[in-house]
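All chains are identified by letter, namely A, B, C, D and E, in their written order; residue positions are counted from 1 within each chain.
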Amino acid sequence: MLRIRNLKCFYSRIMAVKGVSLSVNPGEIICLIGANGAGKTTLLSAVCGLLADWSGQIDFEKKSIKGLEPPAIVRAGISLVPEGRQIFAPLSVFDNLRLGAYTMYKKKAHAAVQQDLESVMELFPILRQRQRQPAGTLSGGEQQMLAIARALMARPRLLLLDEPSMGLAPMVVEKILEVISLLRSRGLTIVLVEQNALAALEVSDRGYVFETGAVVLQGEAGELLADKDVKRAYLGKDYGDFYDAG
Amino acid sequence: MSGTAKPMTGNDPILEIRDVDKAFGGVQALDRIGFALEKASITGLIGPNGAGKTTLFNVITGILAPDAGDIRFAGQSIENLEVHQRVALGIARTFQNVELFESMTALENILVGLYTRTRAGMIQSMLRLPRTRQEEARARDQAMELLNFVGLRDYAGRKSGDLPFGWQRMLEVARAMAAQPRLLLLDEPAAGLNMSETGHLGELIKEIRSQGITILLVEHDMSLTMSISDLIVVLDQGRKIAEGPPRAVQEDEAVMAAYLGKKANPTND
Amino acid sequence: MDDKYLPAIYTAFALGIAFLGWRIDNAYYLQLLIFIGLNTLLALSLNMLMGYAGQISLGHAAFYGIGAYVTAILTTTYQVPPLLALPAAVGAAMVIAWIVGMPTLRLSGYYLGMGTLGFGMIVHIVLREWGSLTGGASGFVGIPPLKIGPVSFASSKSYFFLVWAVVLAMIILCRRIIDSRVGRALCAIHDGEKAAAAVGVNTRRLKLQVFVLSAGIAALAGFLYAHLIFFISPGSFGFMASIKIVTMVVIGGMASIWGALFGASLLTLLPEWLHAFSEFEMVIYGLILMVVMIFMPRGLTRGLVDIYERYRKTHDRQ
Amino acid sequence: ANPAAGADSGKNPMKIGGIFSVTGPASFLGDPEKKSMELAIEEINAAGGVDGRMLEAVIYDTEGDPSKAVMAAGKLINKDQVTAIVGPSRTPTTLAVVPMVERAGLPFVSCAAGNKIVEPIKPWVFKTAQSDIQAVASIYAHLEKQGIDRIGTLTVANSFGESGREQLIEQAGDFGITVVRSESFGAGDTDMTSQLTKIRQEKPGAIICWGTNPGPAVVAKNVEQLGLDIPLYQSHGVASPKFIELAGDSAEGILLPTGKILVADLLPDDDPQKQVLTDYIDAYENKYDETVSGFGGYAYDAVYLLARAMAGTGGDKAKIRENLENIREHVGISGVFSFSQTDHNGLDPSAFVMVRITDGKWQLVK
Amino acid sequence: MQELLQYLFSGMTNGAVYAVIALGFSMLYSSTDLINFAHGEFVMLGALCMVSLTAGAGLALVPAFFVTVAAVAAAGMLFERLAIRPVRHPEPIVLIIITVGASIFLRGTGMLIWGKDAHSMPPFLDIAPIDIAGARLLAQSVWILVIVTALAAGLHLFYKKTLTGKAMTACAVNKKGAWIVGIPFKWMVLLAFGLSTGLGAVAGASIAPITMSSYDMGTILGLKGFCGAMLGGLGSLWGAILGGFLLGILEAMGVGFVSSGFKDATAFLLLLLVLYVRPQGILGTAEIKRF
C-alpha cells in the first residue's frame, strides 16, 4: 500500500532521514520506534506532504506522491495525527471535527460525515461533552483525542499516528490502542510512531527501529519485542549510555 | 546548585495548598484542592486528562489566579506575588507543551533560566564592568554544567527549536533547574521519551531531590511516577480523590476506575 | 559574529569612518553619509525594541520628533546651550516613553502596533497644532548649529565624524546589551512572553526599559537631525516616517545590529539612485521593497547568508 | 584657473536646479512647476540663452518631504554645482533648504506661498508665489464692499492652511472683520459637515475656506448639502479648472482670489500681463497637452527672473543675487515683480483678482 | 440638538466608509492572520476604476460597480500570487513590509494611470440630501450604510455557516493543521485576498461620489480603516463595523466638542483608552494561549 525507497529528507543542509526504505501492506499496523531525533516525525511529514524537500521514492497505492501537497494526499486517502496536535485552537471542538472532514464535504458525502461525527464522539465521549468549547482550552489529553478524531473524519485508508499516546492517561492509552486495533479490523492501515514501544509493538504486526535517520532493525512485532538490543535500548530500564549513541 | 541552606527537617511542608478553587466558565477545573508537599520529597500528581493538574501548576506558579483558596510557600502566602517573583522565591517549572525559546540556543535558554539568579541590569550591561563580566562567565559555567547534567552538553550551540522533542524536554528541566528552585514542578516530563530515556529521567529526578529540592510531578507514565514518588495525589474532575503512598493509591478502587484502568500494575514490567 | 572578533570589527568600523571622512570632501556625499548615520540610529533603536524584544512600534518617529523639537525649542526659543539641550531632549523622550509605555506595552501583536501608531499620530498632531511652541505645520526655523564648548560642528565634515562616532558608540552599547543577561531575556520575551515570565523574567519591567532605551536613541537621532538641517516640521515625524523606520529594520534584518546599518543605507540611498526614473520612482521603489522581502525574508544581512546556504546545500548533496 | 575655461564658458551651459514635490501630496503643485520650468528653459535657450550660454535644468523630486528636499538641495549645490535654485513647492520644504542656500551663497527663488520664507528678509532667498497676505487682503477688501463683517474660517491642517489662517486672523482687524470661528480639516478628510455645523452656530456672514484640492471641493459640496445660504470664499490654493470639475454644481457662486492666469482671456487688452499670460498658456498647453493650472507659473516666473538676473554676470552668484534684488517691473505670470532690499516677493495686491464661479466658468469680479 | 444630530450624521458618513474598509482588514486577518497595509490602495483603485468606468467610459452604474469590484479583486489575487505566496518563511512582519512595498507600488501605478489630480463622479442616485430635524444626510451615505450592513451580514453568514468560511479561519489559526486535514491552504489565502480587496473596491466605489478620488487617497483611508478594525477587535466582522462607525463618530464629536485641529488626536486618544481597557478590541476575543 505504501512503499518507500531510499528516502532522504532535508532540513536546509541537515539530512534528517538518510536513505530509508520500508513498506506497508494493506490492513497492517506498522510501528516505528526509535530514539529522539531519529527521524520518525520527519518521515511521516514527507509521506503526508508537509515536508517537500526529499529525494527517493514514496508510492501510495502504486502512485508516486512526489510533488503532491497535503490536501491532495489527504484526498488520496492518507491522514496524519501530527506531533503537537495542530488543532484549531479558537474554533470549537465540533468545528475542528467538521474541518477534519473537509475533503469528505468536498466529495459531497454529507451523510457519511454525519455518521463519522457520531462514531468519533462515541469513541471519545469527552469530545461530545466539550463540543462547543474552543479546542484550545481543552486539556492536553483531550486535545490529543481531538486530533485523532479529526484525522479519522477524513475517512483515510492509511492513518499515520505520531505518538498518539503522548500525554494521555493510562486508561486512555489503552483505549487508543484498542481503537487502533478496532480501526484496523475495519480495514484501516496504520503507521504508528510510538515511544511507548512496548504497548505499541503489542498491537502491531511489524516494526521498524530507527536510529539517527536510518532503519537499523526491522521485523515482526514479536521478534522485535524479544530482541535483546531493542529491549535494552527502548524497552528496558537498562538505558546505558544512550546519549552517546544519539 | 543546592537551593536550601537550612537543614531539612523532613516534616516541614515547603508548599501548602489550601482549598483552591478555579473555574473556567462552566468547567470547575479545581474544586477545593488541598495538600502539602514535604521538603525534598517527590510527589506524583496524577489524574485523568482534564483533571486539573496543569491548571493547578498554573495556579501555583501564578499564571492563573485561583478563585478561592490559599497557597503558602515556605510558610508564607504567595497570593500577591507575580509569576517572576515566585520564580525568584524558588518555584520553577516545566511545561506540558514545551515552551522553550525556540530561536535561542540550548545554552542561551539555560542562561535565561538563570535570570533570577544573576543581577546585571541594562546599565551594567552597557558598562560591562569587571563584576558584570565575572557574573557572565560564572553564569556560562553554571549553564554548561546544567546542560551536562541533562546530557545535552554537546548541543549547547544548537537552536533549541531544532532539537528533537525529547531533548527539548530535558532542556526544559535544565532551564528550570537554573533558577535554583526549592520547588520544581514537572508537567509530563516523560511525554515523548522512550522507555529507556524515561528511566534515565527518573534517575535525574531522584538526583534533583537528593539536592534537597522538592518535586511535584505530573506524569501519565505510571512506571515512572509510581517508582519514584514518595506520595501520590490523585485528581479527578478538579477534585482530589485520593492521596497516599504509591502502593496504596494503586490499589484504590476509585483511582482504578477513574484513571488507571483494569490492568494497572505497571511497576513490574 | 563571535564575541572575540568584536573589538576587531569595531576597530575596522572606526577606521572605515576615518577613511571615508578623510577621503570625501564633497559635502553632498558627506550629507548622504550623515543621513545614513541618522537612519542607522533610528533603525538600531527600533531594532532593539522590535527585532530583539519583539515589540512592534508603528509610532517610533514620534520619539525622533520629540528629540528634535525639544532641542529646537530649547536652543532657539530659550537659548539653552546644546550641551544641556541634549540630555533634556533625550530625557524628555525617555520620560514620555516611560509614561506611554506603561499602559501601551500591555498590548501585544497588532494591537501594540495600533497603540504605538495612535501615540505617534497624537504626537504628530500636537506638534502641528501647538503652533506657538513648535511653529506649527510650517515648521520650526532658525535652529542654531551645534556647538559643544569650543568645538563647532557647523561643517559637514565635522558633523559626519560626530554622527558616526555616535553611531559606533550606540552600536557598541546595543551590542553589549544584546550579549548580556538583559539581552537574552529580551530575546526570550520575543520567543514567548508568558514563558519568559514563567522562567523568572520581569517582562513588564524589561519591556518598559527597552522601550525607554529605544526612545532615547531615537531622540538622540532627532537631536542630531535638528542641528543638522536647522529646520524641522511635523511632516518629518508622521506615520510614514515611522513606517520607514520599521521598513529599514526589516529590510536590514531583524535582531541584527548590522542589519540596522544595511537597512538604513539601502533605504537612504535607494531614493537617490531612483531619481533618474522620475515618474517611475515610486513604482520601482515599491517593487524593490517587495522583491527584497520575497527573496530575502530575513533581511539583507541574513539573506546573503541564506543564499550561500542554499548554494551549499545543493552542492553538498552531489 | 584654467585659461581655456574662460573661453569655453561661452559654450558651457549654466545649470539651474529645480526642487519640486513632483510626487506626493503636493504633486498638483510640483508637477506643473517642473513642467513650466522645463518650458521656460526651453524658450530661453531657443531665444539664444543667457549671454549666449544655454541653460540646463537639473530637477529633483522632494515628495513633499523636508529631509528629501535637503538632500536634493545638497546634491544640487555640491554635486551638480548649479548656479541657482528654483525652489521647493511648499513652505516647509522651502524653509528646510533655506539655511543651506544661505550658507552656500546661492540665488534661490522659491515657489511656495508662506510668508515666513521672505519675512524676515534673507539675502539669497526670493519667492515668486503670491503671499497669503495679498490673497487675504483681496478677500477682505471684497467682503468689506459687501458689508460682511463676521466670518468663519475653515482651513486645511497643513502649512498652507495654517499660514492662511494666521493671515486671516491678523488682518481681520484692519478691515473691521471678526473671525467668529476658526476650524480646520485634514488634507485627506472626506466629510467636513461637522466643522461647517460648528461654524454655522455662530451665524457668520461668510465662510472662508483655505486649502488645496481636493478638500475645498468637499467643503463646497458640504456647504450645499447643509443648505448654508452664505457666500463661500476659497483661497488661491484651488485656482485651477480642476476645482470646478471636482466641486461640480456646488462650485456655483464661490469666490476666490487668483493670479490673473485663470482669467487671462477675460482681462482687458491693456492689462500688462495679458500678453505674457496668453503666450505661456498656449506654449504650455501645446507642449504638454493638458490644461494649464494656476501653479506652474511660479516656476516659470522664477526661471525668467533668474535668467534676467544672470545676464552679464558670467555666472557670478553674488552678482546674480544683486541683479535679482534690483529687478523692477518684471511682467510675469503671477504678477508684476519689483524686488527690493526689503521685499523679496516683489508683488502687490494687484497680482490678484477676485473671481466668481458662474455656470462653471471663472468670472472677474469688479 | 440639530447640531448633535448633524455631528452624528457626519460621523456616520465617515464611519460607514471606515467600516467597509475595516471590514476588509478584519476579513483578511481572520483568514490569513495578516494585515494588508496596501488595503487603502485597493480602496483607491476601486474609487478610481469606478470614476473611470462611469465618468470616463460612460458605463452604467451597476455594471461599472461590478466590473470595478471584479477587477480590483483580481488585482488583489494577483498580488497574493506574485508577492505573498512566494515568500519562503513568511513571518508576519515580513509580509507586512511586502504590503507596505505594494502600497507604494500601487500608489505609483495609480499615479501613472490616473495622474496626480483628484477625480470626482456624481452620486449613485441624484436625490437631494435627506433632512431630519434640520440635520442633513446625503443619500449616498445611506447607500453606504446599506452596503455595509449587507456586506457584514453576508460575511457573517459566510464565516459562521459555511464550511469554506470555517476552513478560512482554520488557515489563519493553524496553517499546518489546515494543510493536514486537506484544506487547500493556498487557494484559501488566494480567495481571502480576493474577497478582502474586493471589499476594498466596494468601499472605494461607494465613496467615490462623496469624496474626491486621487492616487494618494489610500494611505489615510487605509489608516483609518485599520484603526476601526483594531478598535472593534481584529477578526470580528461586527467589531470592524462597530469600530469603523465609532471612529467616525468620535472624530465628528471631536470636531464638535473639542477642536477640529485635534479631532484625530481625540479619536486616537479614545482609541488608546479603549485598548487599555480591552487589549483585544471591543468585540475581539483574546488570544487563546494556555500552558
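Observations, loosely collected:
As a convention for this text, a contact is a pair of C-beta atoms (placed from the backbone, for glycine too) under 8 Å apart; a residue touches a chain by one contact, two chains touch by 3 or more.
Chain identities (UniProt): A, B = Branched-chain amino acid transport system ATP-binding protein; C, E = Branched-chain amino acid transport system permease protein.
Remember, it's a predicted structure, so these values are computed and weren't measured experimentally.
Counting hops only between chains that touch, chain A reaches chain E in a minimum of 1.
Common neighbours of chain C and chain D under the contact definition above: E.
Set against the Cα centre of chain B, the chain with the most distant centre is D.
With respect to chain A, maximal separation of chain centres occurs for D (centres as means of Cα atoms). Ranking A-C and B-C by contacting C-beta pairs places B-C first.
Averaged Cα coordinates give chain A a centre that lies 74 Å from the centre of chain D.
Rounded to whole angstrom, the centroid-to-centroid distance between chain B and chain E, based on C-alpha atoms, equals 48 Å.
Centres computed as Cα averages put chain D at a distance of 36 Å from chain E.
Residue positions of chain C with contacts to 2 or more other chains are 128-129, 194, 198, 279, 281-282.
For chain D, residues touching at least two other chains, in rising order: 23, 157. Chain E has residues 108, 111, 219, 261, 264, 289-291 in contact with two or more other chains. Contact residues on chain A toward chain B in their complex (touch as defined above): 11, 33-38, 41, 83-84, 126, 133, 137-142, 144-145, 163, 166-174, 195-198, 232-240, 242-243. Put simply, chain E touches chain D in their complex at residues 3, 6-7, 9-11, 13-14, 17, 108, 111, 116-120, 122, 129, 136, 138, 207, 210-212, 214, 216-217, 219-221, 251-252, 255-256, 260-261, 263-264. Here chain B touches chain C in the complex through residues 61, 63, 82-84, 87-88, 92-93, 95, 99-104, 108, 111-116, 118-122, 124-126, 128, 132, 135-136, 139, 175-176, 179, going by the rule given at the top. Note for the complex: chain A touches chain E at residues 48-50, 69-71, 74-75, 79-80, 82, 86-91, 95, 98-100, 102-103, 105, 134, 136-137, 150-151, 153-154. Interface of chain C with chain E (complex): residues 50, 56, 103-104, 106-111, 113-115, 117-119, 121-122, 125-126, 128-129, 194, 198, 239-240, 243, 246-247, 250-251, 254, 279-290, 293-294, 297-298.
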